[in-house]
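Have a look at the structure that comes next, please.
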Amino acid sequence: MRTSKEYREKILSMRPNVYMNGKLVGRDHPDFEPGIRTLALTYDLVDDPEYADLLTATSHLSGEKINRFTHMHQSTDDLLKKQEMTRKLCLVCGRCIQRCMGIDAMNGLSLVTKDIDNAKGTNYHERFLKYLRFFQDNDLVGNAAQSDVKGDRNLRPHQQADPDLYLHIVERREDGIVVRGAKAHNSIAAYADELIVIPTRALTKEEGDWAVAFAIQADAPGIKLISLPHNHRKRKHLKAPIEDYGTMHALTVFDNVFVPWDRVFMNGETEFAGQLASQFATYHRHSYTGCKPALSDIFLGATALMAEYNGIGKASHVRDKLAELITVGELVYGAGIAASVKGFKSASGTFAPDVVFTNVGRYHAGVNIYHEFETLADIAGGLAATLPYEEDFYSPDTKDDLEKYIMRKSDVCAENQHRAYRLVENLIASSTGAATGISGIHGGGSPVMEKIAIMSKYDIQARKNVVKYLAGIKD
Amino acid sequence: MRTSKEYREKILSMRPNVYMNGKLVGRDHPDFEPGIRTLALTYDLVDDPEYADLLTATSHLSGEKINRFTHMHQSTDDLLKKQEMTRKLCLVCGRCIQRCMGIDAMNGLSLVTKDIDNAKGTNYHERFLKYLRFFQDNDLVGNAAQSDVKGDRNLRPHQQADPDLYLHIVERREDGIVVRGAKAHNSIAAYADELIVIPTRALTKEEGDWAVAFAIQADAPGIKLISLPHNHRKRKHLKAPIEDYGTMHALTVFDNVFVPWDRVFMNGETEFAGQLASQFATYHRHSYTGCKPALSDIFLGATALMAEYNGIGKASHVRDKLAELITVGELVYGAGIAASVKGFKSASGTFAPDVVFTNVGRYHAGVNIYHEFETLADIAGGLAATLPYEEDFYSPDTKDDLEKYIMRKSDVCAENQHRAYRLVENLIASSTGAATGISGIHGGGSPVMEKIAIMSKYDIQARKNVVKYLAGIKD
Amino acid sequence: MRTSKEYREKILSMRPNVYMNGKLVGRDHPDFEPGIRTLALTYDLVDDPEYADLLTATSHLSGEKINRFTHMHQSTDDLLKKQEMTRKLCLVCGRCIQRCMGIDAMNGLSLVTKDIDNAKGTNYHERFLKYLRFFQDNDLVGNAAQSDVKGDRNLRPHQQADPDLYLHIVERREDGIVVRGAKAHNSIAAYADELIVIPTRALTKEEGDWAVAFAIQADAPGIKLISLPHNHRKRKHLKAPIEDYGTMHALTVFDNVFVPWDRVFMNGETEFAGQLASQFATYHRHSYTGCKPALSDIFLGATALMAEYNGIGKASHVRDKLAELITVGELVYGAGIAASVKGFKSASGTFAPDVVFTNVGRYHAGVNIYHEFETLADIAGGLAATLPYEEDFYSPDTKDDLEKYIMRKSDVCAENQHRAYRLVENLIASSTGAATGISGIHGGGSPVMEKIAIMSKYDIQARKNVVKYLAGIKD
Amino acid sequence: MRTSKEYREKILSMRPNVYMNGKLVGRDHPDFEPGIRTLALTYDLVDDPEYADLLTATSHLSGEKINRFTHMHQSTDDLLKKQEMTRKLCLVCGRCIQRCMGIDAMNGLSLVTKDIDNAKGTNYHERFLKYLRFFQDNDLVGNAAQSDVKGDRNLRPHQQADPDLYLHIVERREDGIVVRGAKAHNSIAAYADELIVIPTRALTKEEGDWAVAFAIQADAPGIKLISLPHNHRKRKHLKAPIEDYGTMHALTVFDNVFVPWDRVFMNGETEFAGQLASQFATYHRHSYTGCKPALSDIFLGATALMAEYNGIGKASHVRDKLAELITVGELVYGAGIAASVKGFKSASGTFAPDVVFTNVGRYHAGVNIYHEFETLADIAGGLAATLPYEEDFYSPDTKDDLEKYIMRKSDVCAENQHRAYRLVENLIASSTGAATGISGIHGGGSPVMEKIAIMSKYDIQARKNVVKYLAGIKD
């Protein structure tokens, strides 16, 4: 397995193709550090006794010990461990651990390439396994590039004014394909080794050029990453883990990018585009049943801490709100466990979570995220929004005043009161915190997408039949 | 195992001690039939291939095949099967299957009697096992009598104006104890073999007389069952399973009832009263993670059927509401699965579900039940409330009019439209349906009780510590 | 103005055309009494100093003092008084006062007949005023018959398999029209003087026969009222106002009913059908901003009383829930006040409430009704559903037990505890209570209808323009 | 009336006592400009025909035309105009208009000083009127300084470890008083003429030193304003009103500040501290019934615009969500109208809104604000959170890519799509937007405070009496 040092060196050695704030920047730009540091955790903790069992697995290909973030799930137990690993790692960085997306896409490809082969006599799965072996051996970080920019939502891919609004094949050559388009909301793309590209939706027959899946190095020719960092404002005095970790999103532009055949995993099989899109979504939403409870843990802990510092830790309405935060997180986590238990072994041997339980879990997380913000804002009070600049707490002109007037419970020192409010500001009153709310809705698919997934799988007719039986209706 | 015929004969042979509508009635009174018929299902279906594996188990005492409703859970798998059995049986009778409560109380006793013995050197567990063997061998139906009438909720048991407002021991004799008081909301007590009596709450040292648990025949001397049936109005023409099954609740009065020692499982151990109360509650709330999803199935099916009959089955807002009903039921069911997976083996060997997952599941069911009523009422329309009497559909004066004007989709015959609305009336516009809503909140403990259970077990401090770490607070 | 005695005598003198439970019954059938008694309040209280100013008005036609339930609103003040009168009268009968519907339909006709005349040169308004004079002079009770049975909701009136599924004109004669069809959910029709019939929806050009409005005696030839009473179970011992009042709904069948021209107020003007339907709806929803707060008052009072009797009146969570009940009722009432203040004078001189405020008020009531049930059920506890029969409290066998075990706060006597629970049973655990929930959603138009009304009137473009201005978008 | 130029000159002439980011800054620091520009609107629009009638009033003192932001309300009509003015001005600056707080405090003082005088024979009201005349004649901007920093919320003011945690009188001199303490969340304090200081809560007898109210110049000796700007990130290319306006909050430190007697309006009258606190709160919450609907207008417009640009403007679920946004805003606005209509004339002649309607309105706004964020986030999609920097849209390296891939509906140009998303980013994905959510809960008092206000005024006993009457309970 790779060390975090090796991961970092590799990233720094890549061709500069990241654009930020109007400039081409190197991957050594300081805005990358919080993201790289987050990923580094997934390497550094493999030997930590608290995480080792969760963070490693045995490759079903090589039989070797590998990082679980490169593993194809083989069983319920693998899914339970992935879910638990996700929750625990998110608590270390105080946010999304980010590396899940790549392996969720890989598991989706594992399953669907086999199904395509079975149906069409192609050999995508063999190609995929070869690539997987490379991915595992090198312990790579993959970005999942799924969301097309989508243009007019009322039109299908092939109906758009500009065909590039969904990424598509523009040329099929002897040695591979050439693609054009863009993928949006690509977290970690700027510090990933590889981009795993898959379709964003079901496609119709005339959309063969859009039915494409492949893997490509993140700095391959023609790839441009227009990036936006989501890090907390650097602190000068109050250093803390919450500011150490962060993320960066990219709009990834594919400007006639060449992909060799051994990295192409779908090429025109439109009837499988929807399955691949939704299989990735299922794996990724299952990851959310791990990470969203971690976010609930943090909101719960912060709410409880602020209540304690404010002297209202035992108030009835506070305990009521804490209990509601718990139910949100644990219903989501419980749904993920149920999805693992009720999962299924696919033709490829890869194990997949149950679609309905996965989606009700992710759905519940999505429709409650803003309520979690609201609860913390409610208990923390207005100071979350009006906390003076950090510097004011250290300037001789204002330091004494601020240390005097930030005091709440008298046995908690001013610095800790300040630290607690600075964290709350990070969580709910910063642009990064605000973005967490939005990704809490949309990441991995918004609530409306989960409803669609649920409705497509749930046996409503069976329930109608029960009711007809109870009513004595025979027909 | 007993047959339903044997169960029925036994019930009919009992001493008349049921009072209803101002009279002492025999158990052959027609209002008992819907309840007895519901219980009969639990006997009749043991050989049905669809239910056999769920409805039977192997006794850990005798090694013999027994009805799962008399089984002590030994593993995650037992809990998963109990949960699934509950959901499936509720779909046969269209309501609560009722027999869960007795076995939930028995499992609670199994676990807690052992813990008492371990702590105090008593021998309750041995007594209990002997009783259990009798219970299993005779395939008995037990009512769980837990809720005291409780008097002034602001006062503790020993502070009440009348000490009998919580059931308590009034005499300890050489051969047993004598108890007095009453237990409320005792579903099935009127057609159960046995009453399993346990405390309703945690007790303080001065409340030794209230710390009592025992089993007693439902027609033992001194027991009076003041009963209220909850059955649907008998139909003359539109016979249907929804009206075949029903329930009956009792206020069970214990007027100086004698209980021999071999049926006494707690006698003054106040420090275990709370544990027994909550251990039963945990088992029973876990049963709710099976039965409430069944009720959601029925509401979902009824809503979908009414939408179809009204011609709006494909409307966007209808599909949206169906998806929300699904998420309610499956989040609850998923929490029950997670509780089974994350359960624990107690000192007694009996397996218990995880407290937090069980309670978040039951909680979510409780806070959504009225929303399920609302959704069905919304889609079914006002006719649920204004449907003319059944007789009007068969009187020559009005039959033609009603068959003409009840028509919706023209390919569904008038009788089926009528049957569907009659069922909806049963579900949401009848006194029995209304009571289902109330028991959906309170049965097994209301949402406020689940919050208390969650808060008592959840490690909030661990979440605070995560947040302190992230904020850089060391203390 | 008429006395309640005169009203009652008139009703009893009508031709028997009410069918119930398979039989033709006279209006002296005891099931009518609770409804008739409710209407009688609107006559009896006109001289009561507490109600006189609200319950009477000055006719703009005759200049005479009339019952406000026959008045055409002339001003904001009239609307405010109508709203307040409605709330106060509902508190006397503990439910819907019922007489609002007729006058809401009359106000709608007043406004729209004038608009039709202005557009088409007809003389409906003159006819209407003549009829109104008759209506006021005789102080009549009108039922508003609007909701057609509607058949397949996916088809328009003229597309239905049976054209009668929406009431329509089958013949135009020299002396009047002949209509056929049925109107559903006709509360009070069985004890009203007159039926005021109006369209249920907007119509298209080919639906001229369905564009019809008229007034007719409730016992006119060809009219059949298939009725369902919604009264509380008669009590033998615990007499109380809650059981004195009730209602009755009818499916009103029009079997080739002749209507003379001077009672016809729309005859084929399809372009005004939607306006008339929605103008009635607006008036009626405005009435809901009076009656629904009254229901909230009752749920609030009952919740507060049960909390007090249970000894938890001061508990933090109880006070929290009471405050939420208050916000529901007063937001609805406040919206009704705003609708009155921001109303408009129509061409006819009749004053109408603002559509948006009226509809947001009614909407908020509709989406909260089941939450009000839930709150009362939550605080009252399970006894609401398992309260033994009244008779058991008076039988020598069980009286002492029940009086002993119903005790809560020791300073409230058993009978009052019993009375309080009997009321709660009526409100939330009876078929009549359950129907109140359903009519809380659908009466006057369900939430989805209010959203449609709001969207049809609200100036969304103006808000888009504000946002474009703020964003600097010029186009 | 003052011009905006005069206001600005006055502000710039003040003694520098504002600290920001560790430094003492002049009021000409660029971070002040968005706030000053917002206030300037209240001067500039007095002659605009669209605003003149709302923005001016006739002084009841001088009979002269004055800015309504200096007016004592005399009638329902004044309150209705204040509410409408607030909503309309907030739509010009796209946020809080800010000047309401000072006049809300002044109205509160007008009412309560008279009540104190009536009760205690003091002459505060005369002093106040003199000060008011000065305030009106000079058309001043007042900041309302109410919220103390409050220390341990579990302790009363006089119990705090540091008595200064609530502002209090430290010395009473012949010529005035000296005060010490701090007031938090003081929006506009840094660019206001005057600070209007009032108590934050009810006080007990031993807290006479904390019962203090006064007015003071914002740059008086001893006053230190530690400030935090909440402005949108300056744009280089996409200039737009949304970035022109902003606000600044201050922690206002009173370090032994002298206040002459003629500016002291409460001095130890502890029994009126709660009334003054809540009377200001009532006026200020009534202002929220104007400004929060404006924020709803903006969220509604932005949601509708994004839906249109994304091509889903007519989708059923979108229209459903727009309708819900409308109901939130108009229920709040309607409650404000009702509060104005049902207000009362106080002893001072100043007119005050009804407490219950005001508070249910503010409450409803507070509990829905995060839901409004959620709705916009839901419809706008993830790009709100991942929009690249503005500069990237203008750099030659990335401009073409971004203009190509931001395209949605093809008839909306790339710049407008960009402008729309930039605005949405400002609203929900920026630190300033996030702070708006928090102030949406807490500004003017959080939902828990409104519930307390409601419960203190609502006649629950009257509702209990109704229910007792209905139940037949006499006692």
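Going in written order, the chains are labelled A, B, C and D, and every chain counts its residues from 1.
Throughout what follows, a residue touches a chain if its C-beta (ideal position, glycine included) is under 8 Å from a C-beta of that chain, and two chains touch if they have at least 3 such contacts.
Which protein is which chain? UniProt says A, B, C, D = 4-hydroxybutyryl-CoA dehydratase / vinylacetyl-CoA-Delta-isomerase.
This one's a predicted model, so the numbers in the text were calculated from it and none came from an experiment.
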Looking at B-C and A-B, which one has the bigger number of contacting C-beta pairs? B-C
Compare the two sides of the chain C and chain D interface and say whether they are made mostly of the same residue numbers, over half shared, or of different ones. same
So what's the Cα centroid distance for chain A and chain B, whole Å? 40
Chain A, residues touching no fewer than two other chains: 317, 320
Of all residues in chain C, which touch chain B in the complex? 19-24, 147, 149-155, 160-162, 164-165, 182, 184-185, 224, 226-228, 230, 249, 251, 253, 255, 310-312, 317, 369-371, 373-374, 377-378, 381-389, 391-392, 394-395, 397-398, 401-402, 404-410, 428-431, 433-435, 437-439, 441-443, 446-448
Help me check something: in the complex, which residues belonging to chain C touch chain A? 315-317, 320
Name, in rising order, each residue of chain B that touches chain A in their complex. 80, 91, 94, 238-242, 297-298, 300-302, 304-305, 308, 319-320, 322-324, 326-327, 330-331, 333-335, 337-339, 341-342, 356-357, 360-361, 363-364, 416, 419-420, 422-423, 451, 454-455, 458, 460, 463-473, 475
